[in-house]
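Scroll down for the structure; my scribbles are underneath it.
Per-chain numbering from 1; labels A, B, C and D assigned in written order.
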Amino acid sequence: MTKAIVLGGSRGIGKAISDSLKSINCDVFATSKEDIDTSNLELVKKFLDAHKETDILVLNTGGPKAKEFSDVTENDWSKYHNQLFVGFCLILQKIKINEGGYIFLISSSVIKEPNPKLIISSAYRAAFSEVLKILSKDYAQKNISCINIAPGPMNTDRTKELIENIDEYKKTLPMGRLGEPEEIGNFVKSIIENNIKYLSGVVINFDGANSNYVF
Amino acid sequence: MTKAIVLGGSRGIGKAISDSLKSINCDVFATSKEDIDTSNLELVKKFLDAHKETDILVLNTGGPKAKEFSDVTENDWSKYHNQLFVGFCLILQKIKINEGGYIFLISSSVIKEPNPKLIISSAYRAAFSEVLKILSKDYAQKNISCINIAPGPMNTDRTKELIENIDEYKKTLPMGRLGEPEEIGNFVKSIIENNIKYLSGVVINFDGANSNYVF
Amino acid sequence: MTKAIVLGGSRGIGKAISDSLKSINCDVFATSKEDIDTSNLELVKKFLDAHKETDILVLNTGGPKAKEFSDVTENDWSKYHNQLFVGFCLILQKIKINEGGYIFLISSSVIKEPNPKLIISSAYRAAFSEVLKILSKDYAQKNISCINIAPGPMNTDRTKELIENIDEYKKTLPMGRLGEPEEIGNFVKSIIENNIKYLSGVVINFDGANSNYVF
Amino acid sequence: MTKAIVLGGSRGIGKAISDSLKSINCDVFATSKEDIDTSNLELVKKFLDAHKETDILVLNTGGPKAKEFSDVTENDWSKYHNQLFVGFCLILQKIKINEGGYIFLISSSVIKEPNPKLIISSAYRAAFSEVLKILSKDYAQKNISCINIAPGPMNTDRTKELIENIDEYKKTLPMGRLGEPEEIGNFVKSIIENNIKYLSGVVINFDGANSNYVF
């Protein structure tokens, strides 16, 4: 049976991925903050003592609250550096991804079009995207695919926190709506279900035609 | 019943997409060179007289033979400009994509990492990628998703023509193999099957971790 | 004496480059539409009969009027394909750039962030950017640097044609103003003056912090 | 008199920039490790107590030794996070750049084409590039230009440490040589000398046509 670990799997996009993997009979461990909080490296290590291998790994975590650059503290840098970057690095250094497996990173469209209110997230998610890109070439040798999904505006609690007037905001979006977590859940599921392996080392912007750069 | 037109649907990636769409009961018209040759604009117009709408459109065509820049003739520019660019533009200007539909472009990884031997293809496929990007925002309003798939080295007749020693070449690839057309076929299928719409206005590099840029 | 050919050198950015090159004692041929119109390939060839070599080549030409995709005619594609793409290709196929020389392309920021009103320009300028990128590696062997400058909103007649209310528009720009052609002129001049050669094979967005993608 | 602070100004690219700014009569403070070591945040703060404003700021620092991902320790992440990222952030949060000034970041071509041996550098330099991109829009309002120069293989001590056989390596480069720090020094100088301001919010790859992506 295919084993999957979905970080941040108790809500939002993580939950949608977790649900869709269960629907194809994966043995899913959908973690909550109690199971692993990547901002706490000691907890990460404890988690890694208990979970030494998996077939599918979904690296996913919420970001910090919106904050202007001038307001970011040293503590913020330090905490989110762990949460969005070092925690994931420790995991990839230790955990064994079984041959033929998958690593999905749920990053954000801000890695390419950084956002002043999400400066912490823009920086560290981009940093980790570099790491995953580099590693994708090694993982490829074991037939493990690394897929970085960069969601744009999604219908999650997080977006509701960040955007004041969601209804007005929707009107500015090409599709007139937010993306649904289930769309990403189904996307991940169908890649696994169809054993699509050659999609790797890639960032997939998932934003309903909202970005402005061509590629 | 969902209607699909797959250009260049008689072989390679086009055929794989066509086959996978048939497997989910789409009504697929997989064109061959006899049905439509986008290098001949009169034939394109004839085709458009007979095919006025579709739910799914797959824009796909082979590229020119490998040719160094110094050897490219005015005729080459003209012919492949039509084949890889104008023909597709005429189609998008005329054909009606039904609401909730999809446009897939099968371009090439050379649009981002251009290849000296494929200079014609690099240029015109990039040009059309710009067009599709622009149009994705309009199509979004009708819930039509535009997805540009940029294959890297695939297991097609074309690759065999371009590469002398395929076995040696494979060893240089991160996955040690070429991509299979079926992987793209299944990818397209599963997007449609799962009604994933928020993936739009995006280029998806499909190259087995072969590219070197992060995003 | 250093010889320079500046296409479209009678006005706007081309003129500014031409003027600044003259200020460092280059022997500048600043062409006008009478000397060479790249939309007319026969005139291009005639020009090439008379001008067989140069040290510095500035590929620069105006774009088409603003036009929505649905309004673009086959004639438009054909004309601007020549003007923005094939004409430049013919020039690079024939003209000799002397060792240690420079090729500057004045493209546009729309190659990376395509603009619905400038769809023709977005497409063909991107296409030619691919060609120049490919060739930059060959030219490098002869110590010839290829630099693609992609201007954003500049203070030119062209911008005034495209934008209705320039004063309102300026307020939307990060610097509160348009770029001055002289800034690009001086930029080009100082690269040559300082013999900076290692800057090559690169697109330099010149847009007053207006773009939204990180790189 | 124009005031400039050049971090890491005692050797390599930093020294070349420092020298070229002196040649145009800037009042340059070229820091060495004794003056400020961005890996030590307390020293950064001390430095900021003594240096409260400048016209030109050059953010420049060496990177870590080459290290494979599996060998990177928590200490490494922490140290270089400070050196390549947090230290620079603290500086930009505190120091006043005078109106009409410049911020140059000397990053690396690895931010776009990450390198397995330089994984730390790839990650944190990319992260800070996000920050500078975001801030460039604010700085633009005070006519301050932010320019991210991303050097490829340069003729510095650093490159000699990283590459075993430099002569063999040179043969693989399009120009057959490394870049000279003076080329970057002159580049920076000429932007300031010519008061080119509209070049901002941009990454300029400076790699002798070595990169493979088009843009």
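By definition in this document, contacts are C-beta pairs under 8 Å (C-beta built on N, C-alpha and C of every residue); 3 or more make two chains touch, one makes a residue touch a chain.
Just so it is clear, the model here is predicted, and its values are computed rather than measured.
K.L.:
Looking at A-D, B-D or A-B, which one is a repeat of the B-C interface (more than half the contact pairs shared)?
P.N.:
The same interface as B-C is formed by A-D.
K.L.:
What's the farthest chain from subunit A if centres are computed as the mean of the Cα atoms?
P.N.:
In terms of C-alpha centroids, the chain at the greatest distance from subunit A is C.
K.L.:
State the pair with the higher C-beta contact count; candidates are A-C and C-D.
P.N.:
More contacting C-beta pairs are found at C-D.
K.L.:
Per the centroid of Cα atoms for each chain, what is the distance between subunit C and subunit D, given in Å?
P.N.:
28
K.L.:
Report the inter-chain centroid distance for subunit A and subunit C in whole angstrom, where each centroid is the mean of the CA atoms.
P.N.:
Here the centre of subunit C sits 40 Å away from the centre of subunit A.
K.L.:
Could you pull out the residues of subunit D that touch at least 2 other chains?
P.N.:
Within subunit D, the residues that touch at least two other chains are 111-112, 114, 122, 126, 129-130, 133, 137, 211, 214.
K.L.:
For a test of understanding, state which residues of subunit A touch subunit D in their complex under the given definition.
P.N.:
Touch residues, subunit A against subunit D: 41, 69-70, 72, 74, 77-78, 81, 85-86, 89-90, 92-93, 111, 114-116, 119, 122-124, 126-131, 133-135, 137-138.
K.L.:
Considering the complex alone, what residue numbers of subunit B touch subunit A?
P.N.:
Per the touch definition, subunit B meets subunit A at residues 111-112, 129-130, 133, 136-137, 139-141, 143, 145-146, 148, 150, 152, 174-176, 179-180, 183, 186-187, 189-191, 193-211, 214-215.
K.L.:
Would you tell me which residues of subunit D are touching subunit B in their complex?
P.N.:
Touch list, subunit D to subunit B: 111-114, 122, 126, 211-214.
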